[in-house]
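One structure coming up, written as structure tokens, with questions to follow.
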Amino acid sequence: MALTREQMAMRVARELEDGFYVNLGIGIPTLVANYIPDGIDVMLQSENGLLGMGRYPTEAEVDPDMINAGKETVTARPGAAIFSSGESFAMIRGGHVDLTVLGAFEVDQNGNIASWMIPGKLIKGMGGAMDLVAGAENIICTMTHASKHGESKLLESCNLPLTGAGCINRVLTDLAYLEIKDGAFHLKERAPGVSVEEIKSLTAGKLVVPDHVPEMTFEA
Amino acid sequence: MALTREQMAMRVARELEDGFYVNLGIGIPTLVANYIPDGIDVMLQSENGLLGMGRYPTEAEVDPDMINAGKETVTARPGAAIFSSGESFAMIRGGHVDLTVLGAFEVDQNGNIASWMIPGKLIKGMGGAMDLVAGAENIICTMTHASKHGESKLLESCNLPLTGAGCINRVLTDLAYLEIKDGAFHLKERAPGVSVEEIKSLTAGKLVVPDHVPEMTFEA
Amino acid sequence: MAGFDKRVYSYEEAMDGIESGMTVIAGGFGLCGIPENLIAEIKRRGVKDLTIWSNNCGVDGFGLGLLLEDKQISRIHASYVGENALFEKQMLNDEIEVILTPQGTLAEKMRAGGAGIPAFYTATGYGTPIGEGKEVREFNGRHCILEESVVGDFAIVKGWKADRYGNVVYRDTAQNFNPMAATAGKITVVEVEEIVEPGELKPDQIHTPGIYVDRLIQGTFEKRIEKRTVREG
Amino acid sequence: MAGFDKRVYSYEEAMDGIESGMTVIAGGFGLCGIPENLIAEIKRRGVKDLTIWSNNCGVDGFGLGLLLEDKQISRIHASYVGENALFEKQMLNDEIEVILTPQGTLAEKMRAGGAGIPAFYTATGYGTPIGEGKEVREFNGRHCILEESVVGDFAIVKGWKADRYGNVVYRDTAQNFNPMAATAGKITVVEVEEIVEPGELKPDQIHTPGIYVDRLIQGTFEKRIEKRTVREG
């Protein structure tokens, strides 16, 4: 069974370490915040200038001057810092964020990522994604393994215009958890009930499969 | 009679305009702050990160966290801003300071300035001088017109290593006030009792002398 | 004696001198911390052929989106231009030129412009369409592209409090692009919610020192919320 | 669970891992806002062959001047190195290499290093000995030189207050180079006068966000004054 969006977020959350500064993109990455393991404290960075993003506000707390990079109203946790966009991207570009989680249309075996533009479709812009992938040393891409039509999104070489070159080292799809190194996807884990063969058939890029590929487990 | 240091400062102070942000170098430039004309308000910038430098502190006000670029204890005037060295030089480099006054060893007819290094002598460093001359559009150099041995310091071409190239447009010496443009010094005013001939004889660079060169006047 | 009193008392005076064909740098992120009334004044004046530098272009009918209604913007440098139907239409009809710029590069271009740094290298955008045609150079084993900075004819900025010398403090995430924009205008106009006496703001807690600010006006703000997300509380 | 608690409780722990041959970036201007106790700890450890980036080199017997006594510094990037007899002696004897750097360029190199900008162009130093051997390029009619940024093995910083997450506030002109230095260390160590609870510092009034800070220690400071100038009062 392919992972649900929530399971994908849960699996990514296991990569969090205590004391990590983390930037979570829009979509599944945002859900990761709901599954931070017990005993682990992470600080969420929002690229519009907030380090230490808190929960959504109550109705009474809503403040138009307090939003996140998705333009949602948010709160700041105690000990948060708020700063300019220039400072925020100094942080990001300078490699000070420990982990970035973001979605993608395609990734390839050389760590290239395409996530912002589909030629012929309306382009809304890259926002901070290009800065994030260029600045972070530790990036997890969350995406479906293949399109609805069964076309792989884990490629030998990205077809779409890139967001960043050679910058992705981990991918979590609905079918598998993989690492990218030495020009190949390395299969690390598979979704419960998903066979190695299925993953192989849906991975267009070079795939390295070890003898044993553990199945992910999720508590009920 | 050559101008005294105080008279030089007084003359420079006449170039101040209401609302000017001004950076004053060490020495005679510092004295300019004592002669700000009535009805004119200027804000002094100190490159260690202070805009709105105030008077020296009283004994009771002395604060080791409050110094100027000359490392002297100072105060901040109401409405001052204090910031980092990075921000301070962003201001300077970005051309936001209206007027910079600084001393020099030599200037030349092309606006080059040498003020920081005499080869063979101990070098203490340029501090912020190179940034100031590169960033300001409006710079007055204060200096003696010639050395004690009668060697001109207003040259065709600077002999000493430069602080900045083509950046000086006004010079106040103890003998004259001059503008630099089109590859020449233009004599604008002479010190009281100093003849045009004396200025000519002590100016090694190209000197343009108008028909009438007014004498500076100072109230007693 | 005007001295350092940057206050003006009408939006007309605040935007005096803006002309068609000029470049305007705007603070704000989404609809947060945008110079609402300065934008409205630009609309009122009807100047055209503007080049805008701003992270977003507002929404239909609010923020910079207002300037689309009469086609006042010819060109915009932005990182994200969604949430705006009129914008999409003008883009598809080639009525507006969009220079998409990574958000951090956009912020740095403004900061560098204000700081007298004409150009800088960054790894952001290398190997992507953004890097095409730009000089590439390797530093410490990483490919970087050369990006040039920007200075605008006007910068329009939204602050929270300021003293009359133009020392500005921003509030929470309404800060965003405003401090960079404030440094990068030949004429920088700041609108704020409150003007206080010099000395009321702590000198070492000022976000934008007054040296960057040419005109200051106190206004009232709608502060529209783009995505109201709440929890039970 | 350590989480974001950056506190350490001894200077030994604060400077753990510093080794001979390393590059250290130091905040401070003259003797103002210098990390006194971190410098003293480096002296105590006796590590040698250090490369220092700092505006000044302290004075005889205080600040970075302490590290000259046992010849711990091989190389220093600074804008001004006066006020220090021992320094002059070592410089004249070629016992220390001095790379004089314009003050603003020095600040920008640290800021750029921390911000992931590997190099930038500036007009500062063009046509002077500082520009020799550096690439020259013209932007908007002005000649500029290419300057590369710096990241140090350690950055040592003096703050005023911090919370235990490492969010730092500086006081008055003791800010100077400290915020830039704080961003540019692989390991950034900050010593402060007071550590407060998270939430006590206003989020939008923090000078150095905790993400830059690896270790935080509370100390007591001599705060020596270099030039005591007073008026009758």
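Letters A, B, C and D mark the chains as written, and numbering starts fresh at 1 in each.
To be clear about the criterion, a residue touches a chain if its C-beta (ideal position, glycine included) is under 8 Å from a C-beta of that chain, and two chains touch if they have at least 3 such contacts.
Per UniProt, the chains are A, B = Putative succinyl-CoA:3-ketoacid coenzyme A transferase subunit B; C, D = Putative succinyl-CoA:3-ketoacid coenzyme A transferase subunit A.
Everything numeric in this text was worked out from a predicted model, so none of it was measured.
Note on connectivity: the fewest steps through touching chains from chain B to chain C is 1. Taking the CA centroid of chain C as reference, the farthest chain centroid is that of B. Note on chain placement: the centre of chain B and the centre of chain D lie 29 Å apart, centres being C-alpha means. For the pair chain A and chain D, the distance between C-alpha centroids works out to 35 Å. Our note on geometry: chain C versus chain D, Cα centroid distance of 32 Å, whole angstroms. Those residues of chain A in touch with two or more other chains are numbered 76, 82-83, 89, 92-93, 134-135. Along chain D, residues 108, 111, 115-117, 122-123, 170-172, 175, 203-204 each make contact with two or more other chains. Under the touch rule stated earlier, the contacting chain pairs are A-C, A-D, B-C, B-D, C-D. Interface residues of chain D facing chain C in the complex, by the touch rule stated above, are 108, 112, 115-123, 137, 139-140, 142, 144, 148, 170-172, 175, 203-205.
For chain C in complex with chain B, the touching residues are 1-4, 111, 113-117, 163-165, 167, 183, 197-199, 203-204, 206, 209-212. Across the interface of their complex, chain D is touched by residues 46-50, 55-68, 70-74, 76, 82-86, 88-89, 92-93, 112, 117, 122-131, 134-135, 161-166 of chain B. Residues of chain A touching chain D in their complex: 18-19, 21, 39-41, 43, 45, 51-52, 76, 78-83, 87, 89-97, 134-135. Residues 29-33, 55, 78-82, 88, 91-92, 98, 100, 102-108, 110-111, 122-130, 143, 160, 170-180, 207, 223-233 of chain D touch chain B in their complex.
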